[in-house]
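Below you'll find a set of structures to go through.
Shared between the two complexes below is subunit A, which pairs with subunit B and subunit C, respectively.
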Partner chain A sequence: MTIRGIRILPPLAIGRLGAAATPMDNYEVVKDQRKPLGYRHLRPAETFDVDISSGRILSTFTPSWVQFKDGPKVRPIAPFLEVWAVVSRDRMEPLTLDVLERSGLTPADLRWRVHVANHKVFRRTGDWHDKVEAFAPEPEPDLRLEVLRGKPKSIPRNKGSDPTFPTFSDHKVHQLLGRSPNFWAGRSIRLGSVQYIDPTKEFPQIRLRFTPAGGYVYGSSWEKPPPGRPDDPNLHEIVYRGRRGGWLGYTEPSSVEGVAKLTAPSTIYAGESIDGNATSKGYLDDECDGIVYAVLNSPSGPFPPAYARIGAGPPAYAPDSFPVRTVADELEQALLGTSVGIDQVSAESAEEIIRRAFETIRLMNTELMNGNPAVGGLAANNMVVQDNRDTGRASEPIMDPSLVNNSSLAHLHEAILASLLSGTAPWFTGVLRRYDQIGDLSDRGRRKMPAFMRGADGRYMTLTRRQIDLIEKVASRNLNGS
Partner chain B sequence: MRFRVNRHLRHHFRAERDREIRDAPTAPRSLSPRRQPYPPEEFTWRDYCVFLLRIAAEIEHALMVQYLFAAYSIDGSKLPSRERHRVAAWRDIILGVAREEMGHLITVQNLLILLGSPVSLDREDYPWDSEFYPFTFHLRALSLESLATYICAESPPRWIGQVASAIRKRANAVNKGPANRVGELYALIGKVMNDPDRIRDADLQATTAPFQASWDEWGRGYRQFAQSTANGSRPNFVQAQMIIRRCSSRDEAVSALAEIGEQGEGLQAAASGTGEPGGSPEVAHFRRFLEIYRGLRGTSKPDLVALKIADNPRTEHFLDIARPVGRRKIHSAIGNFQAYSGANVITHPVSSPLAHLFNLRYRMLLVNLTHTLRTPGSDDPNQSTTVRGALINRTFGEMYNLRSIAGLLVRLPLEPGSRSKLMAGPPFEMPYGLQLPDFERDRWLLHRDLHLASLIAINRCRTALEGSKGIEIVVPALTYLRALENADRIALDEVGGGLTRSEAQSSVGAPA
Partner chain C sequence: MSEPIKARNLSAQLHYRAAGNPPTTLASSAISNCFPGLEFDLRNLWRRLFQGILLHEADNLVVAAEDPGFRKLVGHRLIFVEECPMFIELRGPTKPGGADVLLTGSGNGVAALEWSNAMASVLERFKGTKDKVRCRFTKNPAWNPIGPMESSSAQLMTVRMHLNNLFYTGPDGEQAVINDTVVLPGELTQSLCSPWQNDYRECACYYWAASRPDFVNVEQTGPGKGTGNNWLAKDVEHKEYVVDSAVNQSKLWTYDELFRDWQRRLSFIVGGRDAEE
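This part shows the complex of A and B:
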């Protein structure tokens, strides 16, 4: 077997923040066969026991139960990235000690470099000095500056072996320290860490583990911060130099050019109202995303580098439920298109979408999001208020207020879900919101499904075109499900 | 009960002819200081209007059920692929019409409430007919025959020509008598309602509006009915347009009646010159059915459009009916009963308990709907009246359950063994009564009993399914039953909440 190239799988791994020392154990989310309308079950799954000091997997175990916290601290979700060897045009195999050995290589021939960033402040201020970037290993300062400036000419692309970027093949923990030119000297945000797992006979596969950060909030100050914990109880540490950058005290621009660059919706940062302007408190967080490169040297030269994307998001506080529209749905649509192949159309896949809608409702304060006056819905942060602010639409509840009691809505969706489980084809495609109806603020338009929620465009959420196509195709089969 | 209605109906048309003002005896002066049209025997005009609205409600209910049955029967999986989409569209059109009939039914309930009458969701089990009813109530799979009866029922008054004659002939043959127009009834109700000498302003109780159903509550994101416009566009008429009007005045009531007539027959669209009689297809039921009729005639294999479902499937053979279309004596251990020869009893050991479960959920739907219309909404924007909302959502939930169980029944055999190739189908048998208890607590006790009865019925179905052989739908049926059981147990907890609330009301001496 000849190695013809390498790949990193999965090509995208999203970790979750957490400050506990031990990452989260594995678990599977399964449907309860005895209670089809009940909560999904979390079933403990086989988990690697990693010795941080040696970087080796010592054993595997299946925990007795799923535990999300160690004391008050959330356990981070720390994904593994596996290197696979391309052995033919249509076949890959896990890259293992054995495979390396047969090619005359050792684990040290596999080298890594990792580059992650948090551009949240840069997204608003537009100042490249506000980029927070972390590398493992750390490059020369000049190269780091070039990366921050975004000068593509001198940044080696797809050249992981380029000597200008250092790589590592040891098995130590490499901290991803996010630095920024606008930070106080010596201050950084820890964006997580990576560790090349030392392969052993028992666990011979080549892997890298990404452990996200603790989920802390960092702050800004006008003056040099004194040592110790900041006075603001929200803050873990003060890192940002207020007088150098524009983030502390930042307000959204009002110029035509500035407004065009606003996020939708705008002003969604921690701030306070000063002279009627939402003024930034200068908060930053330790989420990040970036790229992991792997390069395998060989006697005839390095293989083209493989890369994967990593990211870190907040913990899952409702792990037994899934949102009705997820990043996975977006990616699937981007990758496979807006139309579902007939061989992929199944009642189960449509049922899954409705189950997720049902689970989403279970987590919502539906009366508040509907704008029910009795619960302060006309002054809440919901679509009713958003419609009024953005377009001047009359501020009134979306549905009839009497219909949106949460348990009552859940009951209704249970009936829909149960019906789909019987093999009945979906009958509700007429009330699904289409992608070109997200700004329909008529009574009927606002009552389309999914209800109450804001999509990425700042207007009403819709299912992806691919999701709708799937439901329509299931619906267009005969009524009786055959 | 039918005889009680029929004795008034029998002389209706003759009496209506004779009831012209100039021929009528002078009305009692207490009715009005002016000279009055004379009301039918034993009635005042208000009471007569209530009587007619109750008939209208029964007709809408019956039409809705028959249209649903026809839609559930549509399959098309054995047709060439190029024809399947068209057949699927017919199914959606008929379901849309059934949905609109539900809108009519609810609007008629609103009119009853406006006149101070109890709501009326009753209908006679089949088979029976009368001069006023469009055709003999008969659950039939979709066919040219069933479509012909629907077309005649929804047809405009001056529908003539070769096509009309042929369809009428077919409808009359299957109906064993002429199929009447629904529009006649609405025209009469509109006439009575629009006449202040017959229905006085004081008869219309505007304060009942909070009890009436609204489009906001029942529209579900479907289109609100709008009169047809001749703008050249042809919207997708598959999607239902719901007419659900809250009425607090004579004008609103008459307008609602006109809209129902328009949706059935498309009279205004025809009159406005936008099309041939029957109006534009996106509006009139008549036109939609006619299009399907033509499409079905043009289908390569019309027999494969619908599943082979038994006509009038029932859980029992014994009937207590007013005017059986056919009858024969049935001798049983408990006496002699009249039996309807057109009914097909579901005797298959799996289909039978599922048919009972279907009937039970049908009853739950009707109880929820009745309870909703007896529970006021709130006019106060700062109050969220969730009991009424919960009842509405429960009603919709039962519609989905009926759809699911019907979907199973049309794939289950009518009888055991291979004697018959017929499938069972949903029986839509009416419960023994629809009277809602007077007190709120007792209403929730009824809900509780129905959920408990459902759990028992589910258990029977499950036992039958688990012991069955050669049934293709065992897996989805068992999965559904588990989900339904799950939902019933959750609902029982909710009903417990309703009982607690009503007990709190009772403790302060506030019966509903």
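This part shows the complex of A and C:
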């Protein structure tokens, strides 16, 4: 078996913030076979016991229950990224000690580098000195500066093996310390850490673990902060030098050009109203996203580098539920197109979309989101109010207020699911909102599905075109009796 | 040990769950109705779809030219890509029961379409080709959104542009990982709230209830009737939904309480109820 190349799986791994010392154990999410739209069950699953000091997996265990917190602290979700070997034109296998050895290689021939960043302040101020970047290992200062400046022609972004970026192949914990030119000297935001897991005979696979940060809030000051905890109890540490950068006291621009470049939605930072302007308190967080590169050397030279994306976001607070439209749906559509191959059409896939829609609706106060006047729905933060505020559309409930309580909607989704699966719901695709119908704020247009939710364009949410195609094909397949 | 995977099966690779990883490490656990998002603001994926220009993540506006040859496009709006419009008219009644009319409350009665669905068929048609895509921009800078009348052919100019590969394309073809030249580290999260806890109070995040719950501990009180708690309510002993309004601020966890103590204050919800933690 010859190694032709390597890849890292998954190509996008999500870490989730938490300050507990022990990362979250593994678990499975299992559908309730007795209830079509019942809650999914969480079942403990085989978990690696990683010895941080050696970087080795000592053993596996299955916990007795799924525990999200350790005392008052949330357990971080710390994903593993596996290196896979492409061994033939269309076959990939996990890269292991054995596979390496058969190619005359050792784990030390696999080298890593990691680059993550937090550009939230930069996105607002537009000042590259506000970029917070972390590397493992840390590059030479000149190269770091070049990355910060974002000179596309001089940054070897597509060359993970570029000799100017240092790499590591040891099994120590590498801290991802986010630094910025506008930080106080010696101050940084810890954006997490990475560790190349030392493969052993018992656990021979080649993998790296990303452990995200604790979920702390960092701050800014006009004067050099003294050692110790900040006076502001919200803050873990003061890092940002208020007089050097513009984040402390920042307000959104009011020029025509400035307004056009604002985030959507805008003014989504911690601030206080001063003279009617949302004025930044200078807070930063320890979320990040970035790239893990792996390079495998061989006697004839390095294979083309492989890379994967990582990110650190908030916990998924309803872990037995999943969003109706996910990042995976977006990426699949961009990769594979708007049409699902007939060999990939399954009732189970369509059922999963309906299930996820219901899992969102079930945890939502649907009477309030519908704009029911009796519960204050015409003054709440919902699509009814957004419609009126953004477009001048009449302010009125979306659906008949008597039809939208959670139990009624549960029955509706169960009926949809049953009829879709039994082939009696060809009508259903007609009530799905298409992407080019988001401007239809007529009574009928607003009642299409998914209901009540806001999409990435700020108007009513739609499924991806690929998701709708899948549902249509399931419905028409049933209609055809095939 | 995991079973082999076909190198061309990009879907299997995208959904691959590495040994030991909980389900919430997967892209299928992250929301994508990004306004602005929770884990990522995936709208940033599309900003460099066209070589040489940088688009706004949420609007059909050219915000920068990475190729100096396209400086003339900065501040212009992308109106059509091939035959696909990048905006849509807003229509509906201005009074309950009224006729559907062009809604100009936001200015010009239009809304930019999200890149993901609007660009999908363009991507399908041109991905992997060397063909240029016919883009029609406003002739003049248009920092403010333009209306349907201003997007007539006479007001537009055509520029043919190459697409970037959104995904890394190696010697063996396209892979399932977002291209590192198209999205730089930090850019998938740059337009999220700062700090993220702010979002839990600031935005209408109820649209992401499967990730950030809203209505929990619900009990049925009669046919078609139920009551429960607001997830952010301080008191969950009483089954009463506290509406996030000015008079109720003291009953909900405040911004400051979330900044300093979100781990203690926020409950995981399993089976619709506060989980044993």
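The working rule: the second predicted complex is superposed on the first by the 463 of 482 C-alpha atoms of A that agree within 3 Å, B and C clash if a C-alpha of one lies under 4 Å from a C-alpha of the other, contacts with A are read in each partner's own complex, and residues count from 1 in each chain.
Rule of thumb we're sticking to: contacts are C-beta pairs under 8 Å (C-beta built on N, C-alpha and C of every residue); 3 or more make two chains touch, one makes a residue touch a chain.
Worth saying up front: this structure is predicted, and the values here are computed from it rather than measured.
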| item | value |
| --- | --- |
| Contacts of A:237 with subunit B and subunit C, given as first, second, both or neither | neither |
| Partner chain(s) touched by A:130 [first = subunit B, second = subunit C, both, neither] | neither |
| Partner chain in contact with A:381 - subunit B first, subunit C second, else both or neither | second |
| Touching partner for A:252 - first (subunit B), second (subunit C), both, neither | neither |
| Subunit B versus subunit C as contact partner of A:408, first or second or both or neither | both |
| Touched partner set for A:198, first subunit B, second subunit C, both or neither | neither |
| Partner contacting more residues of subunit A (subunit B vs subunit C) | C |
| Subunit A positions touched by subunit B in one structure and by subunit C in the second | 375, 402, 405, 407-408, 443 |
| Subunit A residues within the subunit B interface of the complex | 33-38, 367, 372-375, 399-405, 407-409, 411-412, 414-419, 421-424, 427, 430-431, 443-444, 447-449, 476-482 |
| Interface residues, subunit B side, partner subunit A - complex | 71-72, 74-77, 84-85, 88, 91, 95, 214, 216-217, 219-224, 238-240, 307, 377-378, 381-386, 388-390, 392-394, 396-398, 400-401, 403-405, 407-408, 410-411, 473, 476-477, 479-480, 482-484, 486-487, 490-491, 494 |
